[in-house]
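Order of writing sets the chain letters: A, B, C and D. Residues in each chain are counted from 1.
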């Protein structure tokens, strides 16, 4: 188990990561989710032993990692931009760690891994001739070859298209689980987090503001900003929250976060609203509606609904798509 | 590490002897072998740099010399060696005829003359014959407009024959030498860096494509310009323009093996070595009655009365002279 | 803490070598000047510095070195581009041929130049013989190869994508060069220019031969004061002056040198229309360099006014009237053997220095220490061979360092001279490796050595080969220190050539030319062979 | 207007882009959407003039671009990995093109652009100290400064978190529209395409397989693979398609593509199915169901639905979330 205890990291004299405390249980896949520039990559680099800690401690199974150099930690890091070795073929990149330990059967293993990431014929290619997504996949395969005790992933799937991402996410989960590997993943993309992780930590401005099981965090974001970052479209508080919850027939709460799809057009819905704006997307119609006493909200309608600006409409509130914020 | 002296076959010297000398030092291997066999001495030669470098080297290491005996300090540097206490006093006998060459005031006590040679102006006789001209003969002639743009000499600053030529003019003209140089330069004299530059590049008789038939070189040079088929040398030395150089040897103060060093000096003065000097180092022996090689007898004439200067004088004024000379030539 | 200890351990060897073979001898010699008779007498030293003449000498030194550097960089840059970025036919051969001037003994080059520029020569009409222009041309002739190698090596490794980015932002090729390529190239150019400046400022033979002794530089002045005049305080004064100037230069250079540039080698592109100017400059340069060398070649093939190979066949002898102790062929073997030793010494030390200097620093003090080290190893270039040579004699004279007679002294001295070139060739390349590559290797389980072997070395082996070619050539051509330290029965080629030129006799002269040609050809062939080596085992880990 | 006429591009002797034909109308934002490694970046580089064409022609307003060098095309390219100038500060990177043309008011403009991409205080930073997403934003700002006649964007938003992406996409659209700039965008991410583009071209293995208006392509994918790539979960053909459409009360077609949310749990739905697998995500329950005569399909249910494996359920078919494939 990896533990971060009040970890702080400075770069060029500035505090980039502050007092991060986090536990990554064995066999779990934990995602650190945070906006661009919040310090995710820096945190990963500190765990890998590349950046020194300014304060706090890192522990693996209780043993302090201070003074353990990167290559002895047994943590493989997949860099955000791959960092392939440009002078080696794809195959030799993937087999790098295997050759370091003179493991037998390198070639077979490399072929397996390349298969896994969907690049079966690429073993003899040079990295400079790969596309962005292909590079990322090779980097992933290279790290998987290590069979590390902890896999550190910096946005490993963000350069991949949805189909590939979903497939790889599934494979990754399976592989990690089978090998009992623990993984720490950082990403700005909650889809990526959900696709792979079972635990989640939300990071903001160098601090970890919430962590827990995926669903737990999802259902009860610690604060309004977290909720917005997790993909909730609107956060209401005070009287507006009370009013909305009352209309939806739900118990009152101070702050409530709504996904865009929490409000759907429904002539029989309990909430009356006036449409301000409607925009069709390939999937659905996105509405901006005004509810008296609550204000402007997002809502959706099916593509065959005919709601135009100015119309009075009814809204259905899907209580599974809203979350009470700040309740522990 | 000290080496065990090899079984001595004669003399009381033996052991290892280090001879410090300049890069022009050279003697037939056979002679060296014989000497080693006879004396039981293991002779090690350390040769580097020119005479000036050698002298400076001996001077800066006077308290902990790099060898036992030195050869090659010449009369232009002799005073420096003596002033710095480089050489130890020995009671070696100066060979017959060498008395003329000792350093005044030392008289062979520390520095023993070994060879002598002269720096003389050389002319390309063929060139003058082709033009039906009489070659120059004296220093004064070189400043004569009839010989305009014909003379090339190496620099006194960077070349030892160049310095010797400057000293020749000092010896001839005394304090008036700068005005002579004025005239010389006014007459189109070319000053180049080194002897090889002057002789091979600018001199018409040196093998290159030079354009100057008068060059500063040595009295022995004509012996090298005898055409392949034989016949007379194509060049000649002007014997009234010569400055005498003498090379000395001596045992170093603080030597590990002074006896061995003395034996080496004695050997350098021996008849065999003296006879080998012309062919090996292009210099004349100091010892009287030593036969010269046939070519030398024919073409390498020695001046009877070359210019000389007291080494102490040279040491005292060299700095000044060179500075003045530079001011003249770099205007 | 551990990192710092490891750093110190790595730096220990080169620092010890530099200390023993450079700092101690030079300070010994300088101390001699300051304490002439065992008593501190700085006034004598001061007096020299206030002479008019010293100022003039210093001014000429700086001027000629600056002109030589500007010339070398101006001509070297286009040639570096053409020879390292474009697919010019035969470019490898040309690259190694350009090193030839570097090994030619200055005396020989002087002779060749003067044959060209002299009154009777083909270029005599220019009236350059003995002029300052001739000196500058000579300096450029010798040093343009330094620029081509150091800058070309770095240019070869430049990523061309930032240039593409600039082009899409509307930058013309010239603007791309000015705003993108140049900043990336600048460290290498500054590196090269520094070395060239130091070479030029300490040029000895070439100033004397081409300047007809009319011009003096600090270096020739030190020689004069030490050997001719025996004015050790004066020489010490100039040595210190020289060191101060060099240090100032290194300081300035160090400031402009450090822009980290991530490298990603691009393949050479086919010649384009826009390459006309650089190609023309390169060809002109080639012609200019070839001319004196051809003059030598022609001279070596002339015997008694006719063509013949006698000068070459005579190389197995000791010359007319035994001018030499050993034959020229034996000397060639000596040279090669010494050069091999000097090369590995310089490479090993240079690699250590380059690695130490380019590792990522985590604090300002650490960074400053690394910079300091970087500059320190450039110093040997800025010190006169005379000072160093005599310094050896008076300081390395007692056990355990009684090294005055050691046969290792010559290769060590040569390695020391080559070291700055090696360091300057390697540092810009090593500094350009993205540190995250090393971090990636570490996170895959590679220790420091493995990281070095698998990340740095594959990028480095080309520059290492280039640097070894350099070191080899320097060693083959080194004259100053070697003439001082070489043992008489083990002379190297430049010594033998010098000696042949010191003896009258047409055959000796012809042999000197032939030996120079052989030396030049050997260098070109060896350097070409070295660069053709494919170190697959390293590149393919 | 940019026209690509049968454009082919070779890299290292291999054909990477084959016969791509595409028109990018003035003022439009066209997205080329394709899986990782299909040749999108190569296509963009060819348009920018960095890669030579192996065949075909590029035309701008009818004039052939052959022989027009990159810097004279007036097309700015935002590279996939930013390609910032590492030796210039962020501010000088952004102002690069302005300084090239000695435009006045550079500083003010740079500040505006940095504001726009959400990095107002970063002008004096060096690129090496930026996070991945920050670099991308600076690259975007740098290209916008050019006010190019055509903006080429290589996955400009993929390194950004959802909030930022949506904001930037909006801003980008506004800027492009206001400046009348035409844009060609490549991405593997259909969300990114939808967020910014109004036209879309689908690329596969170096070929453009379909192009048209966003909604058009969406509603009628040219073939099954395109449909899958556009995010449709399942493609049915032959009898299975007919059966499903019939059940849904829709006209028959040969091939039909279904989004995951086309089938929703509805006890009164017309389609009877058996649940094979149910997995709760934060948003909804994802079902895998079996429909007799059709086979296994994806479906969704609200989080409060209680459907377990083995249950017999009814499904509602939302006809706005399915598309008939291959119909011109």
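In the analysis below, contacts are C-beta pairs under 8 Å (C-beta built on N, C-alpha and C of every residue); 3 or more make two chains touch, one makes a residue touch a chain.
Please read these numbers as outputs of a predicted model, since none were measured by experiment.
Undergrad: Between B-C and C-D, name the chain pair that shares the greater number of C-beta pairs in contact.
TA: Result: the pair with more contacts is B-C.
Undergrad: Using mean CA coordinates as chain centres, what's the subunit B-subunit C distance in Å?
TA: Result: the chain centres lie 35 Å from each other.
Undergrad: Whole-Å distance, subunit A centre to subunit C centre, using C-alpha means?
TA: Each chain's C-alpha centroid was found; their separation is 55 Å.
Undergrad: Find the geometric centre of each of subunit B and subunit D from their Cα atoms only, then give the gap between the two centres in Å, rounded to an integer.
TA: Inter-chain centre distance comes to 90 Å.
Undergrad: Could you list the positions in subunit B whose residues touch two or more of the other chains?
TA: Within subunit B, no residue touches at least two other chains.
Undergrad: Mark out which residues of subunit D touch at least two other chains, giving numbers and ranges.
TA: Residues of subunit D never touch two or more of the other chains.
Undergrad: Could you check subunit C for residues that touch two or more other chains and list them?
TA: Where subunit C is concerned, no single residue meets two or more other chains.
Undergrad: Which chains touch which?
TA: Applying the touch rule to all chain pairs gives A-C, A-D, B-C, C-D.
Undergrad: So in the complex, which bits of subunit C are touching subunit D?
TA: It is residues 161-162, 164-173, 175-176, 179-180, 183-184, 259-262 of subunit C that touch subunit D.
Undergrad: Please output the residues of subunit A touching subunit C within their complex, sorted ascending.
TA: On the subunit A side, the touching residues are 45, 48-50, 52, 67, 69-77, 79, 83, 85-88, 92, 96-97, 99-101, 128, 142-143, 146, 152.
Undergrad: Residue numbers of subunit A touching subunit D in their complex, please.
TA: By the definition above, subunit A touches subunit D via 11-12, 34-37, 40-41, 80-81, 129-134, 137, 155, 158-164, 188-190, 194, 214-215, 218-219, 228-229, 231, 259, 261, 280-284, 302-304, 318-321.
Undergrad: For the complex, which residues does subunit C have touching subunit A?
TA: Touching subunit A from subunit C are residues 2, 264-265, 362, 434, 436-437, 439-448, 450-451, 454-455, 458-459, 539-541.
Undergrad: Give every residue of subunit C touching subunit B within the complex, in rising order.
TA: 32, 53, 107, 110-111, 114-115, 118-121, 130, 208-209, 211-216, 220, 223-224, 226-232, 299, 304, 320-322, 325, 390, 393-394, 397-398, 404-405, 483-489, 495, 499, 501-506, 509-510
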